[in-house]
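Structures follow.
One chain, chain A, appears in both complexes that follow, with chain B as partner in the first and chain C in the second.
Take a look at the complex of A and B:
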């Protein structure tokens, strides 16, 4: 088995369709719709709530997104168990040979306890796949009904384990905290205790995963400020990528809110939460400006 | 009311545990180091394979089992200092080079069309050998002096049996044709031969050895 696994070879059955981030956001069934104000929705709010006329479809789309995201999180955690060895383990001759490394090279070694955490995360993510596939079914969805965006696994492909912690455990699992909080509230408002119950359990796991990422990032880079800086920059890039279009922000115009309290529990500092809030809001404003520009162009075309 | 000061036997009549055991501290520690190494290779392989299998149910099972074997490695890691090995990495070693070659061969399949080979290696060869080595250790070490190892083995064996059952049932559900039966059998035979060369998870003597080769220092009053 190779040391690193390319994202375009992720194994899926025939029901799955993989697309780019841009393609996914262009899907009109996306949770972030540019729908006009309509009955039942509060003016100026795009938050995913049951009163939205498209709530059923949007919630199913989001649940499918959670489902495929959990698969990739499972795969990413599993790969981190495999791709890096622990100190003292020199018995990977085939892998060293195929990677062009000297036999017994342990320059990529990570702490044993970090690997154990990643294995634990793999089990948690496997349960999340089980939960989300059952919830999807409960909500009337089907596997493959929506496309799969593989950007999460891409963040788990870095050859530096610290970047994986920053990109996956802190940025993407941090987003999962926001998503699960929103879905839990959705379940509460919709009077769906089944959904609320499951999201609450998954939320507890995600806080644990983000805290793992926060703790390990600090410990592993304790004496390496440059590596820590690079990791946090990578996290910011992933955070921005996942704020694409303003899907997640403090604004009610975003379908998904920023779960500040749970982020604090997971080891984010106040400054880090503020930073994510700013990036998310900027992304939302960028999207609004882009939509306004397109509407103006369309109006010009109509007038002509 | 019974007299609380009446002398009682230190061992209750139903407590048949015996003091002698086949392994001294060093031998038990060596085996535990081998177990830790072998469990680590297993959880790493299972984790790595998750992304390579298209079958969703298999993918989820591999992720679940990955953690269980990591936990086993952690239990052995914690046991080593209790067996006077203060640097657990020193004894976290393969039993021999043949076992390294076995692991390399077991982890060789990567393609999405090789799920049968992946599962055969783990659930029809590697895990059955874990069950054998653990059972031998549990049944032959001192039931009193090495009780902590026995307790750990009992926890682990429960997982091993559960996982073996899961894996075997997945295999039975995947193998549908005569060709697939042959593929599974051929891969199992190839790996089993390497495991025979290794002598088992803890090397020769994993499930016993000729009386003449018993480790020094052991009190072989029990079964050999």
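Take a look at the complex of A and C:
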């Protein structure tokens, strides 16, 4: 079985249509407009709450995003179990060396207990996929109803296991904490008992996944400060990417808020949470500037 | 009478204006609104999906591009989404013109529960006209506005299967869907 699976070869049936982050950012339209609300609109914030007139549709779209995110998280955790060997796995090392890897190189070795944690995470994510499908049905959604953004799995493609922990367990699963908190609150406010309970249970798992990432990142890089620094820098890049151009931030302009309390429980320091808040806000402002530029260019084209 | 659409061609999205006009024209005829001129204005600068309607000498529909979009393929047109979005507001216009909805508040004064009730009534009728509709989607919207309980579901079923309601009847179904102790 090959290592390091490319994102464009993920197995999906004909119901799915995959798009990249580049596709998404090339869309010149935006909900982040500085224009005044049109007549009849009742919206003062983009935060996903039941009082939004489009709440049901927006929640259904986010539910589909969670569903495909869970599939990709399952694929990512599963790949991490397989892609990296333990230091003592001689059979696997022979196999890797015969496939062309440098003899005796164990720089990518990971502790066996870390592999077990990734296996447990894959099991959790599989359960989350099933829960998300049922919640989608409940909300009137359909599998493949929305385009699948593959950016989550892309963060799980690093060949360095420490970067995987930073990108997947801390950035991706950290985003999951923010999303599940938003959805749990939505279910609570709307009086939807299934949504609230299911999101709460999944949220508990996500806090555990982030905590595993935080703990392993610390342990694996205990005697290698440069590697730890590189991992945290990579996490900052992924956090900005996962802010989806402002979809997640402390600002009320973002549909998804930053779940500070649950992030704290998952092992993020106050300084780290502040750092994520800053990059998320920067992503929001960059997206607004980029949209304004694209809209001006499109308007020029229309006027010409 | 004719359906007019602006813009005639799209820059931000890959929509075919002729397809939208054809869908609108078919709907206008099947809903018996062909004696009224219909003007559709699409705001393609936003992916949001709000649709507003003004009923005067001309029926004016202002739609954001997300209302007509194929959510599987961003920026592409969905004929089903277009028919559903236009059909919902055109049915609301027909209700208002029919006389039984004289005391209905204007669209921007409707409560979220009243709007959900009217949408359920409209989409049920659209489904019977042959337009594909996911009933569970509209039931979920109705539950979000009236509560998650049997009383709410029964009210939704009544609205979905009804024809010829007046505003007073529709508003009463919506009001009674919420338990007194809620």
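Here is the rule we use: the second predicted complex is superposed on the first by the 252 of 304 C-alpha atoms of A that agree within 3 Å, B and C clash if a C-alpha of one lies under 4 Å from a C-alpha of the other, contacts with A are read in each partner's own complex, and residues count from 1 in each chain.
The rule is short, and it goes like this: a residue touches a chain if its C-beta (ideal position, glycine included) is under 8 Å from a C-beta of that chain, and two chains touch if they have at least 3 such contacts.
It should be emphasised that the depicted structure is a prediction, and the values quoted were computed from it without experimental measurement.
Of the two partner chains, chain B is the only one that A:5 touches; chain C does not reach it. Of the two partner chains, chain B is the only one touched by A:87; chain C is not.
Of the two partner chains placed by superposition, only chain C is touched by A:56; chain B is not. Look at A:75: by the touch rule set out above, it reaches chain B but stays clear of chain C. After overlaying the two complexes on the shared chain, residue contacts for A:263 are found with neither chain B nor chain C.
In the overlay built on the shared chain, the residue A:184 is in contact with neither chain B nor chain C. Chain A meets chain B in the complex at residues 1-2, 5, 9-13, 71, 74-75, 77-83, 86-89, 91, 93-94, 112, 115-116, 118-120, 122-123, 125-127, 129-130, 133, 143, 153.
Residues 7, 11-13, 44-50, 52, 62, 65, 71-75, 107-108, 112, 115, 134-141, 143-144, 147-148 of chain C are the ones that touch chain A when the two sit in their complex. Contacts from chain A toward chain C in the complex involve residues 17, 19, 23-24, 27-31, 33, 38-42, 50-51, 53-57, 60-61, 137-142, 144-147, 190-193, 295, 298, 301-302. By the touch rule above, chain B contacts chain A in their complex via residues 37, 40-41, 43-56, 59-64, 66-71, 73-74, 77, 89-90, 92, 94, 100, 103-104, 107-110, 112.
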